[in-house]
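First the structure, in the form of structure tokens, and then the observations on it.
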Amino acid sequence: MFFRTDLALERRDIYKKANKLEEEIPGVLCEVETKEENKITRVEITSQEGEEALNKKIGNYITIDVKKINNITEKEFENISNLISDEIEKIIDKHISKQDDILVVGLGNLYSTPDSLGSKVVKKIEITRHIKKYLPQYIDKNARTVSAISPGVLGTTGIETLEFVKGIVDTIKPKLVLVIDSLCSRSINRISKSIQLSDTGIVPGGGVGNARLELTKSTLGIPVIALGIPTVVDVATITEDGIELWIEKLKEKGNKDVEVLREDNKYELIREALLPTELNFIVTPKEIDSLIDSMTEVLATSINNAM
Amino acid sequence: MFFRTDLALERRDIYKKANKLEEEIPGVLCEVETKEENKITRVEITSQEGEEALNKKIGNYITIDVKKINNITEKEFENISNLISDEIEKIIDKHISKQDDILVVGLGNLYSTPDSLGSKVVKKIEITRHIKKYLPQYIDKNARTVSAISPGVLGTTGIETLEFVKGIVDTIKPKLVLVIDSLCSRSINRISKSIQLSDTGIVPGGGVGNARLELTKSTLGIPVIALGIPTVVDVATITEDGIELWIEKLKEKGNKDVEVLREDNKYELIREALLPTELNFIVTPKEIDSLIDSMTEVLATSINNAM
Amino acid sequence: MFFRTDLALERRDIYKKANKLEEEIPGVLCEVETKEENKITRVEITSQEGEEALNKKIGNYITIDVKKINNITEKEFENISNLISDEIEKIIDKHISKQDDILVVGLGNLYSTPDSLGSKVVKKIEITRHIKKYLPQYIDKNARTVSAISPGVLGTTGIETLEFVKGIVDTIKPKLVLVIDSLCSRSINRISKSIQLSDTGIVPGGGVGNARLELTKSTLGIPVIALGIPTVVDVATITEDGIELWIEKLKEKGNKDVEVLREDNKYELIREALLPTELNFIVTPKEIDSLIDSMTEVLATSINNAM
Amino acid sequence: MFFRTDLALERRDIYKKANKLEEEIPGVLCEVETKEENKITRVEITSQEGEEALNKKIGNYITIDVKKINNITEKEFENISNLISDEIEKIIDKHISKQDDILVVGLGNLYSTPDSLGSKVVKKIEITRHIKKYLPQYIDKNARTVSAISPGVLGTTGIETLEFVKGIVDTIKPKLVLVIDSLCSRSINRISKSIQLSDTGIVPGGGVGNARLELTKSTLGIPVIALGIPTVVDVATITEDGIELWIEKLKEKGNKDVEVLREDNKYELIREALLPTELNFIVTPKEIDSLIDSMTEVLATSINNAM
């Protein structure tokens, strides 16, 4: 099953729907919590069965859904960033102690707006590793240090993200890696509005059929926390959603024949239909520049507060 | 009839299909010419009847369709820019003499990538108006002079594009305005690949239901040539195309009931279905940054050669 | 007398020193006020005699000198922007009523960092003119409206700044223009640290021997408030300062012959010496990018608060 | 002796002048060649004596002086980039074979214009390492592969440049590193006009009193070629040059007492005089943005042709 989304909670929904499951997927736990206007969904994959069902590693996937992330008041900004910050802090504390050093890794391509989130967040992270070394008087000697890199993308460096990060991790020896990345979601509605945090690492480009070597504890030797927000969606999934809504509409209007159109593998059929015409696109909203700016502010503030 | 596209040739296709016309639309002429890999379509609206059918003013609409605009060889770049340059030169010559001054106006928002084409092209236009004034020895005294502005968008200036351009035109008194803008197309396939040139002026934001006061001979008092390339498409049209392709696919597979789904106003039904779920988005391809760079190079080179 | 500075208070110092004046220059008033760490100097030119002495128009020149503008605390930021904001409000109130519309004009070249201050500030101005027109319910009907433009520079538009601004002013008819510009100062120490506000308009490029037509009440027909901060200084003035300091140092060390080096027109001699060797440069500090960001934040915040 | 310049040929001049040497410095060889309008100076440091005199490592320092690098014709661009390309090729061939892989390292801070040269060049390097791995059919199997990184600066990553590069070198194991950096020169005339190539590695920040751990064969284990162009100069050296010129001018005018002002350690005296007044600045020309663009084009073209 190929999900076209990096979000664990979307994968769970798709899997349940596709398999007409009423109860929970074996090996998957899910809890939802509402805080003011925002919703936190905690999906935990607990066994290999859950791992295979969702094609995601065993571990925790926390998604914070917000109403919107741009054109918000200072108060809303604070609420959202506090929510994220708390979750980051908790998930880090599960894996390392308060003194342990962290390397922040911003994935993606600075020069491609929808893929620039990681690099832009890294630019705003408060770095302390060099202060501890050169100006130790300005920093609590037991405090954790933070460093940060933007490895860029294979096409402009010629170096796999894993090779790049591993080279730095082996040299500077942090105790945990926090990876920031743009995600792909199943629904255009989630773009810029769902913040996913997980402790299972990341497969760069994983959601859009372009997987590279994974950044995980097994490849890097230290825990890898991943933080991301959807910025793109593929046209075939948009079309599928549109068809679904349109069929509903036709049914409401009394068209009875329409049920015949519900096919199990509609996505593949649509994809097959779109492919020869090059409608096989990944798209992003027209307002992506200002959305990326807002996401950058929120994530950078949340990370700086958490560390 | 609401077309969701700025391209006259797409409107013609939609109108003919919607009205099941075999012959040409009354008041519309259309000619197609193929030059190597590229195709030039000349739509001329000759009467009010044609104007009403396509909701476009009487005049000429030339569309150059190219295979692609980025990652091309120098030779392909030259071919494409020569094609465009020739058409620009011809259309300008229809309206003014070789000595008459031109003002280039780049519409759009520099800080929103899919909408930044006009501003970026303007930055690369070879300006001569000030040279004629301050260094006349460096310029043929009979040569036309060129000036250029980027008025920005209403949201960041508070000034209508028409007011802005009219203010400058009334002050510096050029003989023709050449407007550059990002367009909206009906099909995601045309993004970055269809260059439309017309001599009927422009309605900023016209294609996406956000019309401002028009830039035309009747508002500015001088001929207005418009040059643009699609950079965005709306999700409802993508979905409609996808549904159309999917119905074809179902028919190929022997599903006979499917014909019942063909409804005249599918677009409106889809739009209605998408609206409440906020799927009512304008989108752009993930690669828009590099596409805009390529479009900018091609248009700027073409314009500079033509003037 | 050619001052190589846009700051009235520097010109006053230079003039007094050059003319060995103990008392005030006839036709010039000067008051200094200290607020916490910051200093406000109010130079008023009251007569033609003062105008000729300083080669600046009759009117008010307020300079706020701050310790620094980047890497400051939130509190310091607030203090500085409140100071500026108060002065802007007072100077505007002298010329127009609370309901009168304002056009903000950001001069300079967005693509040349030391000259990009005006364009960058304009991007952050809160624009209300279009809201009053399209969404009047969201705005007090007696409130002033604000619009804003960045005309760019002659080399990239072919249009004089005055022609450009006059075209817009004649069309949208604001009651006052607030011009933002990068300035040239006499001393590299003042770069990013002296905010000058005046009600006499501006001569774009005036400070660096590159004058264009002035933006003043006499050319635009409405009051012109100018707000600027030095971002560049010319090498000959740096050298002159250096020589002055070095002569002092030599004297301290007992070198008596050194007084002979004090020449009235040292600047011209230095300039003459530097010219053939192309040392005739305008320079800016290496850190100009981050300084411009800080100046932009401070000015945009101050202007938005004042209006 | 502290030189305030990264250019070996300037250090040689300063050393000779300071020590009133007529003949060559022991342990240093120097050859000058003129090609059309451009000049190539080859300084070779051959012994520890030369190393100590110039405070530069034993090895080759080739400087190509050009008339200018921006606003040049295509022909001039080609001449300059061919000159640089040939020298790069020769110096690489001295150290590795034609099949050996190269890592290009662009030093500096992308967000600080005068320091952004390295990062900007890297963005334009033609990368082949990933092609060899994923699309070997598109590349000659004996061809060298190229990869490239921009490590950023200590203040934004918390990681020393040496640690960063060493981490990558140890992981991907290239046979040679080509480092690109902005340099500091003694004279503002050389900014953007002197291209220095050396085979002795680099000390980031070396020229401006801000040395980090060196990138050399002894730290990285493979040859390190360095390529750079001056983009900044410090105010004290500008002032010193200005004083020198001014003294000449005074002498021409018949002032005999002036010779007394020639002091051996004028630089230190000036620096001491400037320091308390914070005139201790590093500056860059006002036009630095467009100069950096031109330098980037020339270096990227030269490197791509050489490899």
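So that you can tell them apart, the chains are marked A, B, C and D in the order they are listed, and the count of residues begins at 1 in each.
Keep this in mind: a residue touches a chain if its C-beta (ideal position, glycine included) is under 8 Å from a C-beta of that chain, and two chains touch if they have at least 3 such contacts.
Predicted, not measured: the structure shown is a model, and the values here were computed from it.
Summarising the inter-chain layout, the chain whose CA centre lies farthest from the centre of chain C is A. A rotation of 180° superposes the C-alpha trace of chain A on that of chain D, rounded to the nearest 5.
A straight line joining the Cα centres of chain B and chain C is 42 Å long.
Rounded to whole angstrom units, the spacing between the C-alpha centres of chain A and chain B is 36. Computed from the mean C-alpha positions, the centre of chain B lies at a distance of 46 Å from the centre of chain D.
Among the residues of chain A, those in touch with two or more other chains are 111. If you sketch which chains touch which, the chains form one closed loop in which each chain touches exactly two neighbours.
All chain pairs that touch, listed by label, are A-B, A-D, B-C, C-D. Residue ranges of chain C in contact with chain B, taken from their complex: 110-111, 122-123, 127-130, 145-152, 154-160, 163-164, 166-172. Of all residues in chain D, those touching chain C in their complex are 111-115, 188-189, 232, 235-236, 238-243, 245-246, 248-250, 255, 257-258, 260-261, 266, 269-270, 272-274, 277-279, 281-290.
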